[in-house]
Amino acid sequence: VIKKTLSMPPIVTLTTDFGQADAYVAAMKAAVLREAPQARLIDISHQIPPQNVRYGSFILERAIDAFHKMPGRQIIHIAVVDPGVGTSRKLLIVKIQSQTVICPDNGLITWPWRNRKNAKAYELTWRPERSQSKSISRTFHGRDILAPAAGLLAAETPLRKLAPRSARPKLLDIFPMKKNARQGRIIHIDHFGNAITNITREAVGTRHVSIRVGGHAIGRIKQTYAEAEIGEPLALFGSADLLEIAVRDGSAAEKLGLKVGRSVNLSSR
Amino acid sequence: VIKKTLSMPPIVTLTTDFGQADAYVAAMKAAVLREAPQARLIDISHQIPPQNVRYGSFILERAIDAFHKMPGRQIIHIAVVDPGVGTSRKLLIVKIQSQTVICPDNGLITWPWRNRKNAKAYELTWRPERSQSKSISRTFHGRDILAPAAGLLAAETPLRKLAPRSARPKLLDIFPMKKNARQGRIIHIDHFGNAITNITREAVGTRHVSIRVGGHAIGRIKQTYAEAEIGEPLALFGSADLLEIAVRDGSAAEKLGLKVGRSVNLSSR
Amino acid sequence: VIKKTLSMPPIVTLTTDFGQADAYVAAMKAAVLREAPQARLIDISHQIPPQNVRYGSFILERAIDAFHKMPGRQIIHIAVVDPGVGTSRKLLIVKIQSQTVICPDNGLITWPWRNRKNAKAYELTWRPERSQSKSISRTFHGRDILAPAAGLLAAETPLRKLAPRSARPKLLDIFPMKKNARQGRIIHIDHFGNAITNITREAVGTRHVSIRVGGHAIGRIKQTYAEAEIGEPLALFGSADLLEIAVRDGSAAEKLGLKVGRSVNLSSR
């Protein structure tokens, strides 16, 4: 038991729209460590564009994907993109397979919820006692509620003490492309300018398709960037196992003028 | 004793103007870990604008605020915004309540010093032996003196061995607004474009005031962003417990053309 | 033995061109922690310009420099700037003094290899079993091969199990300036706009030289930034012990229009 405690401290990840110029992220980390001194803190991204819940939901799903298969290890993801802070929007704790997500109930959980079976949501109703924190701010629940709650979970507080009742999370109007459909969408532009779509291998199935986006014929689905010439666009299944439009050694978003929401067409070859 | 050592490693935070493209931050972290292998390293910000000591001082105060109330835990903040490196400017170790700050004596300590009682400053006169480091560079005391000193403190070297004599730190010409004054100032623009002022709740007191900044009437002080319409400006006490000018779901700095130093007026309602 | 294990967990650093907006870096960290739960993770830089192997090589050399002299501590650097992912380019494990580098064989290792004696390179031929990972992506070997390999090394897997045969790494056409040469080159522009050259103290030797770059006479080599007036250019040996062209409290790159590759001339005084 001691060995386990020593070698496997809980992991708490952070996904926010806070940027990295201010001390907001550090304030959340301090709040986690106050409750769970042993927690391992991992930054996922703090560059979600301000208030962009859709972008945050995509990144949160990637975080959960990254930390799959960590047997015996507690994984807690805090996600804060929270334009509704101070309104009556709820807070959630969501169990997804063996991982836990803590976030506002504003649609952030959408992608993990749609992509994964057996997810269960609970309303985080716990609030810190006033004597413990200076006071709960009305502008920073990430620091004052979500991070301490993550710390308490990491320190083995039972979930039911923080979130006694189940909840039905709010979901955004975003979906994986349906199996055998002919049109998907761009759901994320990454740092390299790759345009990642909602098109899974399963949705393409055994079809042999040609890809077209924004007036550009991209051709068949390839296996590696190296199958295109330098500067040439291509479509392939990327590291998230989603179809992406890329340009070899370049930015597809820039070269092809791609944006989130743009439709991507699949036609038979 | 063993339990404490295992469960409560010292925390060393870093606040710099180094950016994150180079290996400068990592070089400081290596220097801390060389002396204190168990130290927990927390980045506060590395996006202080180059040589902007005022900005750094505001962020350093937030770092100290974030790590308040961590009983039994050693907290050491390294702050490096150091245009005077290589000149005769001194280095400081400052004890503030139960936390420690290590920084150049160029005004970086101003906000923590003004806001907190019982702070004590010492001149950091310790220098590494030449045989230990390749040589002390004249351009990077953060790596060659401040970080090793933080590591030594984290490894329980007594402060008096590093900084035997007390010091009077240099302070910048920046202050919290006086109680019941009618004019404060913008002291920081954050990642969201919120304009944070030097106006505390205590300085406003029981007055019912209307806020005006840069020709814009902002109205009474509100409690949450949600009391404004989307895109509308408002004033409220933010997460630092300072009055801030915000725009709901937008950037006040951009929308209202706000900058650090701009005056903020309070008139009776 | 227990003490050593507890107090000296292995350090794994990360240098990439992934940026920090996506979850790519976190995916690599999760892959390291899956194999080596105790590993300490240190970010070097994720802001290598996309596909810029030269820039990455310079930063990787700085990372190795930062973690010199950590006796008894295992240091593993993962470097991923990998435009050739999915082609037949090889992967490397390189032992440099007591440190280890894991990277694609595309020239990333050049600066450490040229600057350090007794480096030995091995071809990383280990691949994860298909059953363990979902599948090895063809676009993200950083997550699927390099990070798990680093985790395995950190968990004391013998190097020969991952990389049984030695290799001759590919090297870029970049070199330290030769001893007593009259012309060096700018090899890096840092966050402050300092232009760092390939000119070592040893290569300058005992000569008294005047520096000239891009039509600007910079004068003799100085000791500290403070020897120049504010806004004035100067040349000095910076924290990497390489000659750099700086502007006091400003950006030399901007003020003098400097770029990587530009020649720097040394004439006798």
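All chains are identified by letter, namely A, B and C, in their written order; residue positions are counted from 1 within each chain.
We take it that contacts are C-beta pairs under 8 Å (C-beta built on N, C-alpha and C of every residue); 3 or more make two chains touch, one makes a residue touch a chain.
Because the structure is predicted, anything quoted here is derived from the model rather than measured.
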item: Type of chain B:chain C copy interface by residue overlap (half), same or different; value: different
item: Rotation angle (°) superposing Cα atoms of chain A on chain C, nearest 5; value: 120
item: Euclidean distance of C-alpha centroids - chain B vs chain C, Å; value: 30
item: Shared-contact residues (touching 2 or more other chains) in chain A; value: 6, 20
item: Footprint of chain A on chain C - complex, ascending; value: 6, 18-27, 29-31, 33-34, 37-38, 41, 50-51, 83-87, 134, 137-140, 143
item: Residue ranges of chain C touching chain B (in the complex, touch as defined); value: 6-9, 11, 13, 15, 20, 40, 42-48, 59, 62-63, 65-67, 69-70, 73, 190-192, 223-227, 236, 238-239, 241, 249, 251
